[in-house]
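Each remark here refers to the structure printed beneath this line.
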Amino acid sequence: MKKKVLFLIAILVVAGVFWGALSRVHPFGEKARAPMDDYYLENAQQERSVNNVVTAIVFDYRGFDTLGEAAVLFTAVCSVLALFRKGSEGK
Amino acid sequence: MGMYAILFERNLIKIAIGITLLEASANLFLIVLGYRTGGSIPVFTLAGEVRSMVLPTPQALTLTAIVIGLATSALLLSLIMLLYRHYGTLDVREIRRLRG
Amino acid sequence: MNPLSVVVRTICDVFAWFMGIYGIYIIIHGHLTPGGGFQGGAVVATMAAFLLVSHGGKKLLSFAKPGFYSGIETAGLLIFITTGFLGLSATFFYNFLAGRGGLFGAVVPIGPNSGILNSAGTISVMNMAVGLEVIGGLSLILIYMFKGIRLFDDQTGGSETGHDR
Amino acid sequence: MNWQIHLPALVLAVPLLGAFASPVAGLGGRATRNAWMIFISVLTTAVCIMLWQKVIAGGTAVYVMGAEAWNITLPSGLSWPVRIILEVDAFSAFMAVVGSIAALAGAFFSLRFMDRFTGLEKFSALYFLLVTGMLGMQLTGDLFNFFVFLEIASVASFGLIAFWRDRPEAVEASFKYMIISTISAMFILIAVGFFYGRYNAVNIAAVARMLQMGYAEKIALVFLVVSLAMKCGAVPMHMWTPDAYAEAPAGVTCLLVAVSQASLYGLFRVCFSLYGASLGSTVVPWTIIVMGVLSMFIGVTMAVIQKEIKRLMAYHSVSQIGYILMALGVGLLALRDPQAMADYGFTAMKGGIFHIINYTMYKGLLFLTAGAVFYSAGSRNLNELGGLARVMPQTTFMFVIAAAAIAGLPPFNGFVSKLLIYQSTFAVYPLLAVAALVTSVLTLASFVKVFQTAFLGPAKKTYENVTEVPASMLLGMSLLTIVIIALTLFPGWTLSHLVEPAAKALVDQAGYISAVMGGGL
């Protein structure tokens, strides 16, 4: 019980710290300075002839991330397959 | 909440839930960063008149992060299944063969 | 896992087709509408989960063996990375099909429009490749986890119907 | 068309292709699979070495993924990069070479070691994915890309640690590692989010150029340092290290050592290149130094009392990580002061970076010999082993070399790097050097113990039938041995050609930034 109270206090402190940090990032919902995203929004159609800007970013501008992401999925599949493979090797 | 579950719960499944909570919160944080008031989705197909669009990059990043989180939790659950098979319990206090 | 009741099975049979078609639609229209390879693949893999729950594992495996899914997955990945390699004339991952005419090469008008399916270059190819990979991968994870439960049942001597609910 | 400009991408694409195609290669039976594994490993190492040569000759290499040409970092007059950029300076290339050599040795070793297992095409796929993740972490110039490769490396290592899934210990170790590294990965993601929200960029160089130390940046720094220290096994969160290292198959452990170096690389990249001179106070360097000292001490004291050979070595690796952290922390301390940099800072950096290659080589070799002992004798418990020097002479020889190197006996390479670390830390705070010295003595003591109990002593009846391990395993081990001996014989060459460019590149934040952002901006 004591542990839980302590943890609650810790959570509140961490939340306070986070709130402080977040409020300094940029005002919520306002038009922040975002040159990179504006570049995507303006040029994605012209450069890559894609309507869906998110897809353009995922598969083109940051395509290498997506390759990595597919690799993570492949890794997980391989691991699960390796874990549940047939046969046993003893201890 | 996620950290609480990871640190104090004794059931492996609940630890896994804690980890997924942590992932969800990180993803939500990323998405929130890209919000613009009155923005529409960044897709031009049949979009109508567009004033401003929300930032697309956080969405792309979150998409990647979600898939990674999915892979991690799939592996986590299968490890839990294996542990259950070996020990017959999901209580972390009883799964303590590696010590010191 | 034993098959569930007739009602559940019938409804799942009907809806599985819709889910499959919808998933494939999401994959193919990934560059036009929200969605893409991952989401569509996840939807199609949910179809596998549906059939797994309703019909039990045997039906699904008689439909296609794990090797089939594994093949789909590997094929998707290889298409993906080969697309990356083909762009090597400029850089790795260069979008060499966009805006050139030909396959997926149509030029779209700037601003809001109604969408042209034959656009976006390698993005479409990659969407389909990733879609294949996700279908294969997630189905494999589901099937093998399901097998893991079976393995566990054999060891403890539990009955097979224990996990239905 | 000069194909060499594509080297940075090829370094990552080759092992990735190897991983994706290994289910196909697995169809062809055992010989095809093994040939594929060796082929891809050798190719990766070769590409890494070529990349290193290129970087040494031509300065920092930049590669833009998916642009019209490899060097358009900033599209048409913009002042921020929009694509993923691979950025390879001398430090990254150095780490990549070290990592790929360790991976090659591990691959050779695993060929026979893993023979008793089934599902080996999965094993080779996971192995290559681990290599990809490691190299990707070291080569990328993008924070989110770093996170993605970190996840590839960690997910692959979960699978590989738990590969022996019939041992409950292996699954448990994997589970522990998984929890720790997932939490740390989420911290990194949150830190990336902070940078994105603040500067609307995720490229390291772009962020570094705009960075102004503020409250949000401090929080992000805390997240990054904590999580990367967790991942590389420094003391406050070192609990996963012995479990994971001890339970993974030996060839994989050799690679895991290199992977933890990759997180270490991330830590220093963040401290030096991302924050650099704007780090401000001395809090962060001292935190790293204290963390290093604690790791050294706790690691070695835990190691002395261990009975299982691989766990003992794993605790030693905690203490060796401590050395590196301490040395580079001292370098970080001296970063703002050119005088201090010239006096002791640069020596410390050289010592730390030299220690990275030494550590990877001899620690990998030690884990491989432990695996060889286990393969032949079937036991890892020091109380049971004995008299193995008679039946396994080659393994014993290599073990002696590695142990002498890790303990820092004078002619060996470990001595050189440790000497550099002693010199520099003594200038900062004499107690640090004393601590390092004591740790070194304790290391020597525990390895003498291992050597005496496991390899010397009367031949035991149970081990009469033990033979030397197969040739491919010996090949893997002797590769690392040759590297160690070479480093021992030519420390001057190594320092001037391998280590110094790396240290310079790490200090040179402006060079790192301008490679991407262009000179005048």
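Per-chain numbering from 1; labels A, B, C and D assigned in written order.
Here is the rule we use: a contact is a pair of C-beta atoms (placed from the backbone, for glycine too) under 8 Å apart; a residue touches a chain by one contact, two chains touch by 3 or more.
Here the structure is a predicted model, which is why all the values come from computation and not from measurement.
In terms of C-beta pairs in contact, B-D outnumbers the other of B-D and B-C.
In this assembly, the chain whose C-alpha centre lies farthest from chain A is D. Chain B and chain D have Cα centroids lying 27 Å from one another.
As a whole-number value, the distance joining the C-alpha centres of chain B and chain C reads 21 Å.
With each centre defined as the average position of its C-alpha atoms, the distance from chain A to chain D rounds to 25 Å.
The geometric centre of chain C is 36 Å away from that of chain D, both derived from CA atoms.
The set of chain B residues that touch two or more partner chains comprises 3, 33, 43-45, 57, 61, 63-64, 67-68, 71-72, 74-75, 78-79, 82. Of all residues in chain C, those touching 2 or more other chains are 32-34, 36, 38, 77, 81, 84, 92-93, 95, 108, 111, 113, 115, 141, 144-145, 148, 151, listed in ascending order.
Of all residues in chain D, those that touch two or more other chains are 16, 20, 65-66, 144, 148, 151, 155, 158-159, 162, 165, 197. Chain contacts in this assembly form a complete graph, since each chain touches every other chain. For chain C in complex with chain D, the residues that touch the partner chain are 70, 74, 77-78, 81, 84-85, 87-95.
In the complex of the two chains, the chain D residues touching chain C come out as 1, 6, 9, 13, 16-17, 20-21, 23-24, 63-70.
Of all residues in chain D, those touching chain A in their complex are 16, 19-20, 65-66, 75, 78-80, 82-84, 116-119, 122-123, 125-126, 129, 132, 136, 144-145, 148-149, 151-152, 155-156, 158-159, 162-167, 194, 197-198, 200-201, 214-216, 219-220.
Looking at the complex, you find that chain B touches chain D at residues 3, 6, 12, 15, 19, 22-23, 26, 29-30, 33, 57-58, 61, 64-65, 68, 71-72, 75-76, 79-80, 82-83, 86-87, 95, 97-98, 100. Within the complex formed with chain C, the chain B residues making contact are 41, 43-50, 63, 67, 74, 77-78, 81-82, 84-85.
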